[in-house]
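In this document, chain identifiers A, B and C correspond to the written order of the chains, with residue numbering beginning at 1 in each.
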Amino acid sequence: MDALLQQVFAGLATGGIYASLALALVMIYQATHLVNFAQGEMAMFSTYIAWALIEAGMPYWAAFFITIGIAFVLGAVIERVVIRPVENASVLAVVVVFIGLLVILNSVAGWIFTYTIKSFPSPFPRELPFGLRFMSPHQLGAIGVTVVVLLLLYAFFRFTPLGLAMRAAAQNPESSRLVGIRVGWMLALGWGLAAAIGSVAGMMVAPIVYLDPNMMSGVLLYAFAAALVGGIDNPWGAVIGGFVVGVLENVLGAFVIGNELKLSVALIIIIGVLLVKPSGFFGRVQVTRV
Amino acid sequence: MEEKSITALLGANGAGKTTTLRAICGMVRTEGTIRFSGDPIQGKRTEDIVRLGIAHVPDGRGTFLHLTTEENLRLGAYARKDRANVARDMDRMYAYFPRLKERSHQQAGTLSGGEQQMLAVSRALMLAPKLLLLDEPSFGLAPLVVRELFAILRTINAEERVSMLVVEQNAAMALELADNACVIETGRVVLSGSAAELKKDDAVRRSYLGY
Amino acid sequence: MSKRALGIGLVLLVVACALPFVLSNYRTFQMTLVLVYAIALLGLNILTGYNGQISLGHGAFYALGAYCTAILMDRWGVPYWATIPVAGAVCLVAGFVFGLPALRLEGLYLALATFALGVATPQLLKYHLLEKWTGGVQGIVIMKPSPPFGLPLNPDQWLYFFTLAIAAGMFILAYNLIRGRIGRALVAIRDQHIAAEAMGINNALYKSLAFGVSAMFTGVAGALGAVAVQFVAPDSFNIFLSITLLVGIVVGGLASISGALYGAIFIQFVPNLADEISKAAPWAIFGVFMIGFVYLMPTGVAGAVRLIKRRRAA
């Protein structure tokens, strides 16, 4: 029983990270109906920036917030420079551009920071004054950070005019222009926010999986699975999906199929959900007019 | 167009009525000049034209279906600089259209066609525009609802002193509402004058009023 | 086949036959890999270029073909030449079976599912219950075949000719497939799937078939590749292999048969050149080329060649 609980809590901790990345994917999907295959590599790159800042002697939390800022700007710039020209291109063209982006970020990170695996610090203490039976302080901290990010995002979209405008631009670009919203900037802003959320996920997962240019490929797969479980157009679904997938991964990995097939869990979830319930468990059913 | 008046734009299907409105808003590319308060506005972006005070109730209403009624209205005021007056104007809209107040926290997609049209008009008015463009406000509505809507439009025109340009298929209704009217055929104005004059014009009567 | 195409094909064949006698053994080996990649790209192009189904996981079928050959040779002592059709058949079935559920996935979702397949492939190959056959992380080492009938060739030259013969056969097969009824149906489904259905094309059948045939080509390539490099191991079949194939069809030219050859030359030689700058450079260049081609040359090298020919003719 203890072993099971331990796996469940570990699953919640990684699940929070999947949830964040899934949320980033969903944000971009809602605005553009595209799945950003480079989301993981963008997060990985930001995490390297944080690492470099910390290596240069900056305190952890300062590096943390500066990295979020840099990631935001990078995300917005990528949207304006790389994605804008293919906004109305075919799905294939867009997918190729995303994969190109993935490959470039991956190789540039390898080029600058080498492919050697690095350890990444956790901001949370090793030992806590009170005993934690089922999880490490970093796991607890990661869950905490995820929850804070989610609450901030919720408040932003629910209560600020800018958040409302972003939601409007994602839903109905033409009407948004008619009320004076600069839709192009909203898209860039969305990418910036998604990149910022991704950077948090990267910094939270790096102490667990260690830092290397390929560290996010598995995480991205789980984030895909999470987003699909929740319904790729539903942010709340993505969050719930993240936690569900995190727990499934850990519990199945530990007790049923073994750790060596963990990625296949993601593969099976992705294909399974797409086949059985393509709109996810919390998504809207899309009807296409022909 | 005369300031503070209501002008109706009449014409058959494909005559270019909707395109005229879309051209004013910068939603389609055009040749020639479009002037607003004396300044040329052609070639500007839609977002910037809106900021000059031109609100557009588009064909199909352009409702944000997944947002609430109130959020739709708040979006209407997005481009305004006088944030202080927004709450007051929202109450005014609810006074014109009490049905919207009842449904203020409902998703706009769940509103009936007539309610959505009211919402679209109010959303446009939330901009506190100088000019309101209305594309087929009667489309898909029951005659009774149209009558109600047009009466409110008349009141709003008088009270808010906003000019209106109305595109309509329903010529009889439009001429009731409007002060002036133009008839266009395949993109050209073929006739214009006061609504009263046009109503008496034989050609208009035969082609558009059907008697 | 038209006379012109036949002529070009013959000239190419003569040049290709002369190559191993003027090149070093290592270069000959590289040319063998170009042919291997060309077959794989042909396969991916049938699916993605002609039929519009995006696969980001074709490395999985390449791996399946490679492992078929390696296991048959290593565990059962089957001669290399006999393993190739088996690998092709296994991949045809595997592709068809994967294509059945993929029918329900359009565009982006198929890309997602195949991406997941591509990422998960190395892990599946390492699975401990399969280790008996696959050799786990270590993989399988296989012997380089020597030329039969006492031909006066060294093994590299022989393997090159062996691969060339199969590649020529595969190109002719692809050409006939694409120019015929089936090819027209595939393109019709890609461009107007509803209209295609209305015209009586069985979308489901053709799409699964495209998946199967595509996997078959790529599997044959994988099998030949395994023989050529004499080694298979899980980590050489990671997601980057699938991405390499994607780079190949984008650069070579989507929906083009000759494009497979241009793309294969690109993905074989550009990394070699770029490696001298940095270990990361090949991928940076691949990435830039992918984005660059989508922006500037969406029809790839094959499209550019067509354009030049047309200008000359005019």
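Observations, loosely collected:
The rule we apply is simple: a residue touches a chain if its C-beta (ideal position, glycine included) is under 8 Å from a C-beta of that chain, and two chains touch if they have at least 3 such contacts.
For clarity, every value in this text was computed on a predicted model and none was experimentally measured.
Comparing per-chain C-alpha centres with the mean over every protein C-alpha atom, the closest match is chain A. Chains A-C form the pair with the most C-beta pairs in contact.
Chain centres here are Cα averages; for chain A and chain C they lie 32 Å apart. Once the centre of each chain is set as its mean CA position, chain A and chain B turn out to be 43 Å apart. Each chain gets one centre point, the mean of its Cα atoms, and the points for chain B and chain C are 58 Å apart. Those residues of chain B whose C-beta lies close enough to touch chain A in the complex are 25, 27, 45-47, 50-51, 55-56, 58, 62-67, 71, 74-76, 78-79, 123, 127. Within the complex formed with chain B, the chain A residues making contact are 161, 164-165, 167-168, 171-172, 174-183.
Interface residues of chain A facing chain C in the complex, by the touch rule stated above, are 33-35, 37, 82, 85-86, 89, 91-93, 95-97, 99-104, 106-108, 110-111, 115, 217-218, 221, 224-225, 228, 258, 260-264, 266-267, 270-271, 274-275, 278, 290.
Interface residues of chain C, counted against chain A in their complex, comprise 48, 52, 54, 56, 101, 104-105, 107-109, 111-113, 115-117, 119-120, 123-124, 126-128, 194, 239-240, 243, 246, 250, 254, 278-284, 286-291, 293-295, 298.
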